[in-house]
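A, B, C, D, E and F are the chain letters, set down in written order, and residue numbers restart from 1 in every chain.
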């Protein structure tokens, strides 16, 4: 195995644009490493920026869904798609944000066994339904979310996060993206 | 039915930011209407911009895959996911870009019957494999693409487009996005 | 590609029996062409007659289900089976009989998004259930149909039409039946 | 339970048309009973005649496929669809025509364990592929059949029989058709 | 074909240990033959004893589920997994224990058509749910069983029998275990 | 949540039989706790003994498959079935036996990404094929195993381990067995 973040031979821009270099420096400072998903996109500045702009808006911007809830959606979807990269990286995030290592394992292995609130279960059920059979979603499914207190905007955010990981799971598997080894031991 | 582009009650920003208004004006000028997918995101400028930046890079930027090929990937993935919005909007694009109305129908209904080149068939096979069972993708699948002449970058672009529509198909179905009626009669 | 209606080399009877010739002449007069499904069976008069007798009884004889409803069942089943021939030929019929081009697209792509009556939705749900998992059908499923006003005979007709297209979809795909190109532009 | 052949309340024509009565009399004479599938259609002479015309042509007319092979296709398809009626009635036919009770059980339970010729295995593989995923059939699948000696007409007959039971399995399950009890003990 | 009970070349212990010989003698005395599943394990006394200890406890020890009900669970699970060995051997047991040949066929072909009590239907529904999608089982599914009168121990026994045949079905298919021909004609 | 090892109210034998008590004492001494799967069976000594006899023979007795390989099979099967209990308990075993925490995660999330030998990949492919579609296994699948050096006995052992976890995964999910929390942090 090499140090390449994926199975594709797409060398990183060299040198990195200044803004990218600063972003990667912040990653190293905060996380101790540059997540391989960023390295995977770093052969092209437009693709990298498009990815990070969407990712950061979805996962970090203000929302009626907490950051932990958004990470739980990411992991439940990634479990359905069996995406190794995303399960490792976002499983670590669920453990860290919740302070509950077992919770991360539950969501990554079978979210149905996790001791979640009814609202959270409804959110993950919807995210998994989107993953498995989105064409069958009907008004009653959205009504269930509303009955658990989700606003119109919350439903949009839930759909967007679940949709995003259906994209990135597939890209990661298609190009064999490898997670940074540092994730495995985090927050155990 | 209302004029809302989705089942969610998320009113458009009012007034639209200047750059958004200009973008929508260009849509009207070129297409005759603002695609409902843009109207669906127009309640929040960051989400709209993140979506359009990624979409425009994927579908319009230079690539070893032609614009028609990228639209064929979009439609083959959307057919697998049975996404009404994307089949209508991107089916019209395949008909228009190819000048072959029957081709658009073939890709939207069952791409396996379409008279494609072997390289194109391999691309659509990979896109559909990503859609149905991405976790099973292995080096041999990428090797098949390379044997049909796809470069490393071509594979990245193929994976990215197929991934993107696995996201937008699911978001569209989750929130019941309705395609603009103008698409139906185009390029028949 | 040749002018053969299927992938099989089964030449048409020559000359056609008189009754068959008259039937084909009527097709040309009314439709402008002989549907390829009839040409596909025209190598054997008994097979052709058996097919047309069953088809005409199911789709044209008096029934509690309108001709448009029977065509909608045909298209919903064909969409589930992704049969190119039947989606093209019967999709055109839905557009023509309904005068609503978008309706034809909805049924062909994902009938769940179509603005149907509850009775029609129940009919298509049953037809798709027959297509995907007929062994799981139970009395409660028939009771649902009755609660929407279907008579015993209506249920029989619904089952027969849905069953028939599960046959013809599979035969068409098995032998690569090609739809007449005239269908694509009709009733758009 | 009643004596009705299905879950639907559709009384038989009374009296039966002369030709129908004669046909049923022959059944009683040859089989000892009128198969319930015929009784199920006997509320309407046109539907009954269309069904029997197609059935008799497919299963009894001259063909490159023996009558036993056509019954094996019927049973393999019915097993895939888990149709109780057809498994019972046609399982008995396989036992009777082959003189091998175990063979009938193998085809009804899992045809892959049966000691068939390669040509027969190819036929049943194709019939089951038609049943599960007809849209994926491609020229290579027909080429496999040809490599086992099937003629163009044989492929048509194979496709027609497999298609027919995909219809009748679904109709039988949809209306809860019950097989005549006499079949169970036959040719054991 | 040979007399080997499976596709593997694993000769039986020779001589058999005394206890095994006595057990096999009893089989011959009671059944007329040694079931091939026992012969399949008879290359290793520990494996044979572990199998028979678990099997005899599950199927023959006192339980709130009758022996017939346990055999019905075995057959319903084996039908879902299409295991030829188990369908033949345990199908014969259902016919023998119930005295109803048609019942055995129903459970082996599609248990949903069998005239069972609601409690029995609930048991078989649970066993089949375990077979198809065990990860989705939730408290409500156990509550349904309790509402039909199953005790905590009954649920354990149901789960254990359904689990066991999910093991033995797969082992039997993996090594091509062949049922003794004597089963086919029993209790018809 | 309670201290019960499953969702069923089946109190442990009290007092435990002497041999059971000694076995549980050894567990505490070696592992620090009694695995909940043993506590789940401890309401009945025959069921507990049958389970442990089979388990210990399969996982610990001499075999051409190493203990680590048997644990990898356990985890790959449990991943396919999404069994939380077995993924946690046997995932820990893979990490401990291999000394490679990342390997345990790979097998638990998607074994296809793990850097295994071709022989090991073939073993896990077979175990997963047994899990998903055992009825389709044919001689060619066993031949593949033999071509990777598996003996007849190795194939039996592979089939037995894969079969066993298809049983215990389903039992665990059916009765909501909860893994001991100690596993989560082990061998990270």
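In the analysis below, contacts are C-beta pairs under 8 Å (C-beta built on N, C-alpha and C of every residue); 3 or more make two chains touch, one makes a residue touch a chain.
What you are looking at is a predicted structure, and each value in this text was computed from that prediction instead of being measured.
Trainee: Superimpose the Cα trace of chain E on the Cα trace of chain F, which carries the same sequence, then give the rotation angle to the nearest 5°.
Mentor: 180
Trainee: Do chain A and chain F, two copies of one chain sequence, contact each other through the same residue numbers, with over half in common, or through different ones?
Mentor: Looking at both copies, the contact residues mostly coincide.
Trainee: State, to the nearest whole Å, the distance from the C-alpha centre of chain D to the C-alpha centre of chain E.
Mentor: 29
Trainee: Once you find the CA centre of chain B and the CA centre of chain D, what distance in Å lies between them?
Mentor: 44
Trainee: What positions in chain E touch 2 or more of the other chains?
Mentor: 82-83, 110, 135, 173, 176 - these are the residues of chain E that touch more than one other chain.
Trainee: Are the chains arranged, by touching, as a line, ring, star, complete graph, or other?
Mentor: Basically it's none of the tidy shapes, so other.
Trainee: Let me make sure I understand the interfaces: which chain pairs count as touching?
Mentor: Listed in label order, the chain pairs in contact are A-B, A-C, A-E, A-F, B-C, B-D, B-F, C-D, C-E, D-E, D-F, E-F.
Trainee: Would you tell me which residues of chain C are touching chain D in their complex?
Mentor: Listed in rising order, the residues are 7-10, 43, 46-47, 49-51, 53-54, 57, 61, 81-83, 126, 130-131, 134-135, 137, 139, 142, 152-153, 155-156, 159-160, 162-164, 166-171, 173-176.
Trainee: Which stretch or stretches of chain C touch chain E in the complex?
Mentor: Those residues of chain C that touch chain E are 135-136, 138.
Trainee: Using the touch definition from the top, list the residues of chain A that touch chain E in their complex.
Mentor: Residues of chain A touching chain E: 110, 112.
Trainee: Residue numbers of chain A touching chain F in their complex, please.
Mentor: 1, 79, 82-84, 87-88, 101-102, 105-106, 108-110, 113, 115, 173, 176, 178, 181, 184-185, 188
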